[in-house]
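Pasting in a structure now, in structure tokens, and then I'll have a few things to ask.
The chains carry the letters A, B and C, assigned in the order they are written, with residues numbered from 1 in each.
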Amino acid sequence: MKIKETINTFIAENTSFIFSVPAVLWQLLFLYVPLFLVLYTSFKRAADSNWLDLTFDHYRTVLGSSYFFIIGRSVCIAAGVAFLCLLCAYPVAYFLALKVNRRWKNVLLFLLTLPFWTNFLIQIYSWVFVLDQNGLINMMLLKLDIIKEPLHMINNTAAIFFVMLYYYLPFMIMPLYSILEKIQYELLEASMDLGATHWQTFKRITLTLSMAGIKTGVFLVFVPAFGEFAIPAIIGGGHHLFVGSLISHYFLIARDDQLGAAFTMISGLVLLICALFFNWFCTVPLQKTQKESA
Amino acid sequence: MKHPSHLVAKICIVGVIGVSIIAFVSLGRVTQLFNQGKSINVLVWGQVLDKEFLSDFEQETGIHVNMSYFENNQELFVKLQSTDIHDYDLIMPSDWAVELLIQHNLIKKIDHSKVDVWNNLYPTLCNLYYDPANEYSIPYFWSVVGLGVDTAYWQGQMPPATWGLIFDQQIMPQRVGSAEDPRVIILTAAVYLFGHIQKQLTSDQMSKIKQLLIQQKRSVEIYTDSRSEYVLASGVVPVIIALSGDLLKIMKRFNNINFIIPKEGAFALIDSFAITAATKKDDLIYSFLNYIFRPDVVKKYVDKFDFFPAVQIDVEYDDRFEQITKPTETLFKNINFFKNVVSYQDLNDLLIALKS
Amino acid sequence: MTKSYGTYFLPIAVTLFYLFLYIPIFVLVLFSFNDNAFTCAWTFFTTHWYEDLFASSEVWYALKNSLVIACTTVFLSLTIGSTLVFFGSRDVVRRLQILFYGSLAMPEIVLAVGLLSLFSFFAVPLGSMTLIVGHTLLGLGYVIPIVYSRFIELDQSLIEASYDLGATQRQTFFSIVLPLLMPALLSSGLLVFIISLDDFIISFFCAGASVQTLPLYIFAVIRTGASPMINALSTIMLMFSSFFVLLFSFLHIRRTGIPQ
């Protein structure tokens, strides 16, 4: 039948279009349209006002200094966690990728990913048992008479930082490991045969080759750490607000979508600026080392 | 692009796929409409009711009860306003929330002839400020909001009964626990500074409260609503703002935990059942209410969850609990409520100023 | 290469690291056997938390929901993602890739807030479906890059040869491309499964009151401060997942002869 033929030819000529549509439409409908909706909500005067009634009021509130403390705190913690994760994860990834033989590698990788399989909340909750006033560490230290009063290790910002560090380490190790694995060990041996010291080899070769992995790792840690709210809720003691806690407060508790949307937009903007800055920052030293060797 | 009809066809395809995605997402609503049958959707506090003792009711009446739980009143508002009202038939708001719900027309009047529970309830818990004739709500359980203390810190003696235990470093130099809900911390500070709360707080009063809270912050170990019992029982703080109902369980278990009604004034918190305005299953709801308010059913839940019911039943408590087990006239004479006396704007400003 | 003290530095650091990594796991398992629910003091050994766990209907309900949602999410992400990758034309897909990085480039809370706004705006009731939608969004962000990078590494001549020998696009897809892409599909499927099962932020915002998933249930219990039942639950989950992962690697080694 002619209709069936036309349909068949149509499908044959346009398969790529037809099969790309679901994915693209999904992404548009559930990611970009909602973002646009949030942007629109941030300009709306109130929940029940006319849809044309737009205002900058909410932005004016959110650009107050207290809000910047909140955003600044989240940025500092996220950046600190990312940096420290990098420092701690790099040696481990280096060791696993380059210094371990095949058999041990699998065992160690398996052991590394196993904690990843426990539920995220439970991992955090377990630290309460360790850090609490009557937790493992304090009890041991008190019993051994090393301290007289229990250490105050929980319900403060340091505890949040520490537990975040713990949680985000695997996110940093994975990209570092996969990129370090691709470096051939012979390259490093050759470099040292040619007279370079360990440090020079590391700086000129390993570091530059793993730059992409470092960038990915920092990105994978910084972005979620910036929006984190579960860890502060469980470990932090409620003393300070973070970006994530405030956003969830506005949308789920105070039910102030407009102010919440404005705050979300501003936080998103700050995140973007940080990401661009970091990107620029990574390329600068790279250019410098290239000039040095030229 | 060969034919213009191809463009039209492509647009149609996008439309079809888009509509099917949306239909998929709305599947929830469709199944809901099909499931209407003989069932009711009940939204209650997490630590007070569950389905365990409902099997008799479900078998007798054939009504299936879908129970959902929430943790705080704001969550209640969110769930009522963002999802369709059809979602819930019966809810359990606190006193101040009932006032707001009535204002927003989210709950409907209760037909007193259909619910035979009024004789069993404590009279002090009925006809209060938020619903003077109990036209919209039936109280189910109540609590006193005061201070939970660990008497071990005072060598087994009872500490002075004042809110100064958490606000005044000279009375209590150690770190204390406070509440997370801004409403609670503002109003307890208000009672400590100004006494019994009668009307809307002025901006002058608000700034004094803000000052006190910011100054208190250094000596607060933790701000929490739901972990107060745990924090007190594990000895992290010697005193914390707590609900009598929440402390009941640990007071029974640990002899050193006690409850204080501060001399400046404590608060009562009453949680009631209310019927959502949009429901059509009134008859089913009334039979459920008649069942859940039966003294023997209430007793089962009290034994399981440890709370103070509005229904008068006989429960044995030892002397330590004397002040808080029954809503007596003396207790309720000067008691405060978490009335809606703070504007949302002020609440938000204070929260940001305190915790930034 | 001369051996310096530096050669001992790395192994020691790594060992310390692994010990540090396992502290919570150790504590978790240990305290699931402790009778005391309130402080960290050890009272006596007991397995009654495990009994409570098995008797608790809420846990099973939450687990069932989580599994159903996770499986549907995996199915949807894999189908939508891989059809895009294979059937979409090469350069279109390459340019579209950027579109899909969006879900990874912003904190999950922004995604959750967006979804909540979308659902409120269109008055869609929150429930399992909305959760599945949110999780699939996350899932696509992982499936598409992983499958695509594996796809472009495929030997194109195999596909061309298949066409030359007269196979239709559909036949080629099912007999040649799919088996070759299988490792990427499996690993991304597994990743999406874990992410959906473990997901907390999107579930917290988009689940509504009617659906309870495992992370939400755990959060509710943790919020109120105690239950070693949660410890018991995670010990069991840990046992299951390690068994599962071992099995998976074992099968992989057997199939391909290459340790992963």
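Before moving on, here are some points about what is shown:
By our rule, contacts are C-beta pairs under 8 Å (C-beta built on N, C-alpha and C of every residue); 3 or more make two chains touch, one makes a residue touch a chain.
Keep in mind the model is a prediction, meaning the values are calculated, not measured.
Among the other chains, the CA centroid farthest from that of chain C is the one of B. By number of C-beta pairs in contact, chains A-C lead all other pairings. As a whole-number value, the distance joining the C-alpha centres of chain A and chain C reads 16 Å.
Averaged C-alpha coordinates give centres for chain B and chain C that are 35 Å from one another. Chain contacts: chain B has residues 234-235 touching two or more partner chains. Residue positions 39-40, 116, 120, 133, 223 of chain C are each in touch with at least two other chains.
Counting partner chains per residue, chain A shows two or more touched chains at residues 18, 22, 26, 132, 134, 252. The residues of chain B lying in touch with chain C in their complex are 24-29, 32, 41, 43, 46-47, 66, 68-71, 79, 82-84, 87-88, 226-227, 229-231, 233-235, 250. The touching residues of chain A, when paired with chain B in their complex, are 10, 13-14, 17-18, 21-22, 25-26, 29, 64, 66-67, 69-70, 132-134, 155, 237-241, 249, 252-256, 259.
Those residues of chain B whose C-beta lies close enough to touch chain A in the complex are 2, 6, 9-10, 13-14, 17-18, 21-22, 72, 74-75, 77-78, 81, 180, 217, 220-224, 234-236, 344, 347-348, 351-353, 355-356.
Residue ranges of chain A in contact with chain C, taken from their complex: 15-16, 18-20, 22-24, 26-27, 30-35, 37-38, 41, 88, 91-92, 94-96, 99, 102-103, 106, 108, 110-123, 125-127, 129-130, 132, 134-136, 139, 166, 169, 189, 192, 198, 223-224, 226-230, 234, 243-244, 247-248, 251-252, 257, 260-261, 264, 267-268, 271, 275.
The part of chain C that touches chain B in the complex is made up of residues 38-40, 116, 119-120, 123-130, 133, 208-210, 220, 223-226.
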